[in-house]
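These are the structures in question, set out in turn.
Both complexes below contain subunit A, partnered by subunit B and then by subunit C.
Here is the complex of A and B:
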């Protein structure tokens, strides 16, 4: 997918590449429907980078999890370049708030984003083997597959997280490639999906989660893809001391694992939706964090990943609060 | 607990877990005992150094694993032995309390409150009221599908749940 934006991206990166330790971005994947993350360490490789509808992965996950990246940048006195969409930029803000990364060591390329395609939605509509190109024309996505060309409305193929995205434009960046995008939703409609669940009776809600979480394999892909799950080997889902979860494969362990992930993200989750995107069992796990974000917004008037100077509400307190 | 206990539900006693802070509520419970106030016996007390020690996951785990109720009690806000522990705690506990029903767990099974060491009478009231509330709610159905079977193809799960899952 070579677009003028991609070319502009290459130019912007080449201008500053001497200051960079490495550049984290996306490149073409194993087929035309996928992109894959790439670490560019030489200026000659900048041309491999791509940007478009298929750049779904939140690359900021690497920054928090691999602290050797920051250490290397500090040693060489250079910066780490990273491409971020609107949602990813909130993760950057969150990571800076958590003091896991340093703003001065980053060169952030902001990419206003009109949403990314959920390949599973494509797979539900056409065979995905032999897809040769994915293009966008206005609000229409044109996919050339083995059995000819298909056209879809962009809205139809967008990931669920993009359909409820309030921040398509990067909130923090050193340079921006592309023009500002208007959000798809109004603020009051962001929580429509969780509202559907809240509309169920208590029993039905339990049944809903029993049905969904029963499929959970506890593969921990959601945790691994999460930019804020940075405990690594010390994640209490896996440690034996303290022992929170057993090896049993029944629902209580699955519920508890998702409680662990959710509670550790309460007031920190920036709703990048990676947990849901990577789930091999298609469990809508981001819903759990959306609900917690709704609660922290209502109760503590806080939205994560917007302000680098804000303190996440559950690691601070306010003595004059009442009603708790 | 629900998974292991084969006795009929009515015959089993209630399991209510109480997390009490060492400095106030544990003392308050002690005061109530010394004063010989009559209290229900369903509560099992776990002493914590401060409600600031309360990981909301303690409560989540207890309820998921089948406890019928969880009570957390500490010093009154602004009266914490460690000055601010309960100020952190109240935010976390309130967030959890509002979150539980989303996952299908009855939030009435969890209660947090503040009881000082001298408030023996208040402690008696808190325990009595909470135990009564749990007794009304009955045993915790748990999350392990005892109440409803897994919704495979052709299951009798209410249609709207399956539809909702597909729509998301």
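Here is the complex of A and C:
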């Protein structure tokens, strides 16, 4: 997928590459529907980078988890380059707020984003075997398949997280590639999906989550893909001493893990939706975080990942706080 | 006398499965939900619609190596002769039932051949696995589907490979031809009502021959051991190949050949179970030592181990057999689309150039 935006991205990176320790971006994956994150360490490799509808991964997750990246940049007195979509940029803001990364050690390439395709939605509509290219023309996605070309409305193929994205344009960046994009959703409609769950009776709500979480394999992809799950190798789900969770894969273990995961993210989750995208069992786990964010907004008038100078309400204490 | 080949019409499939389920613990690939299309092998229940036209996301591994299984039950009871003491009582798990995995793929069946080496062929024999293996039949589909992640021919298998299977299911127009591949399959054949006609058999032969000629995947990966060993200490290589790894457990959990497990005692008050549960070499805790040292501290060493196990250490130990069945699930399922074929293929490149 070589678009003019990809070419522009290459040019922008080449201009600054001498200042960079490395550049984190996306390159083509194993088929025409997937990209894979890539760590570019040589200017000669910049051409490998791509940008478009398939660049699903939130690359900022590497910043908070691989502390050697920042350490290497400090050592060489260079910067870590990173490509971010609107949603990813909120994670950068959050990571700076959490003091996990240093703003002046980053070179952020902001990419206004029309949304990314959920390849499973493609698979539900056409055979994915033999797909040779995916491109966009306006709001139409053109997919070259084994049996010829198919056209879809972009809206139809977008990931759920993109359908409810309020911030398609990067909130923090050193340079921007591409034109500003208008959000697809109005602020009052952002929580529609989770409002549906709220509308259920408590019993039905429990049944919903029992049915969904029953499929969980405890593979921890949701946790490991999350830019804010930084306990890493000390996660309560896996510690042996103390051993908080048994090795069973019954509902109580799954409930505990997922709800603890979500509680740790209350007021921090920037709703990049990676936890849900990576789930091999298609469990809509972001909904849990969306509910917590909705509550955080209602109670504390706070939305995570918007302002590097804001103090997340759940990491501070205000004795005069009322209404809680 | 039961005919050597039977036929199941598509519209008789669920009633046939209902019959089979009376005799066997029956495992079939089903979609988890209508809209969410994760297909996984589950114990069959009446009303389930099997999904046979696509590869399952989660194969039948659970049927032979459950994600969690009880190795023994234990309890501490007051000793009647010496009431100050408690005596340990042990209880063996229930013996396995006759089981049938219906609608596996050649790659799924191959996964179990790898398990057999480890659990059944000695020098250590795992009684629980072996007993279950002996009571489980595998009915495998001739595979007509492939996508960009499939590579069964690269690992010495192929879409018509029936090694390790007891019955062959060949999809033809309107249904499936079922053939017994050994005597073990007889109890299944006895349940089936309709013998395959000459025409159906001829159609099945054609499908089988075409499948046998298809080559799925690229370069041969069966001889990667030497190049892996040369690459072992080349951390630059592993950094280049798998820096994007998130160290989650998807690749190992969906893998038909990954069998690593943990054993824990899960106890409540004075009774409990010793369970065996899937573990993953992608996890930090997998090699964390009591001292606090971890010989595989980062995702690079962990992913290297995954490749090494499959293409290096396993063939070294088991007569050259590699521990990969080419199903492509780790590629399809990886959140960051790591392609193990690329990692294994590229082992060769500059390590040979250096030599």
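By our rule, the second predicted complex is superposed on the first by the 323 of 324 C-alpha atoms of A that agree within 3 Å, B and C clash if a C-alpha of one lies under 4 Å from a C-alpha of the other, contacts with A are read in each partner's own complex, and residues count from 1 in each chain.
The rule we apply is simple: a contact is a pair of C-beta atoms (placed from the backbone, for glycine too) under 8 Å apart; a residue touches a chain by one contact, two chains touch by 3 or more.
This is a predicted model, so every value here is computed, not measured.
Chemist: According to the stated criteria, A:238 is in contact with first (subunit B), second (subunit C), both, or neither; which is it?
Modeler: After superposition on chain A, A:238 lies in contact with subunit C alone.
Chemist: Of the two partner chains, subunit B (first) and subunit C (second), which one does A:43 touch, if any: first, second, both, or neither?
Modeler: neither
Chemist: By the touch definition at the top of the document, which applies to A:195: first (subunit B), second (subunit C), both, or neither?
Modeler: Neither: A:195 stays clear of subunit B and subunit C.
Chemist: For A:71, is the partner it touches subunit B (first), subunit C (second), both, or none of the two (neither)?
Modeler: neither
Chemist: Scan A:219 for contacts with subunit B and subunit C and give back first, second, both or neither.
Modeler: The second partner, subunit C, only.
Chemist: Of the two partner chains, subunit B (first) and subunit C (second), which one does A:252 touch, if any: first, second, both, or neither?
Modeler: first
Chemist: So, does A:318 touch the first partner subunit B, the second partner subunit C, both, or neither?
Modeler: first
Chemist: Check subunit A for residues that touch subunit B in one structure and subunit C in the other, and list them.
Modeler: 211.
Chemist: For the complex, give me every residue of subunit B touching subunit A.
Modeler: Subunit B reaches subunit A through residues 3, 55-57, 60-61, 64-66, 77-78, 84, 87-88, 90-96, 98-99, 101-106, 141-145, 147-148, 150-151, 157-158, 160-162, 164-165, 167-168.
Chemist: Applying the document's contact rule, which stretches of subunit A touch subunit C when the two form their complex?
Modeler: For subunit A paired with subunit C, touching residues are 29-32, 34-39, 57, 61-62, 120, 123-124, 128-129, 131, 211, 215, 217-221, 223-225, 232-233, 238-240, 246-249, 274, 277-278, 280-282.
Chemist: Can you name the residues of subunit C that touch subunit A in the complex?
Modeler: 32-33, 36-38, 40, 57-58, 67-68, 145-149, 239, 243-244, 246-250, 253-254, 262, 264, 266, 275, 277, 280, 283-285, 288, 331, 333, 335-339, 341-342
Chemist: Help me check something: in the complex, which residues belonging to subunit A touch subunit B?
Modeler: Interface residues on the subunit A side: 160, 193-194, 196-198, 200, 202-212, 214, 244, 250-252, 255-256, 259-260, 262-263, 266-267, 284, 287-288, 291-292, 295-296, 299-300, 313-319, 321, 324.
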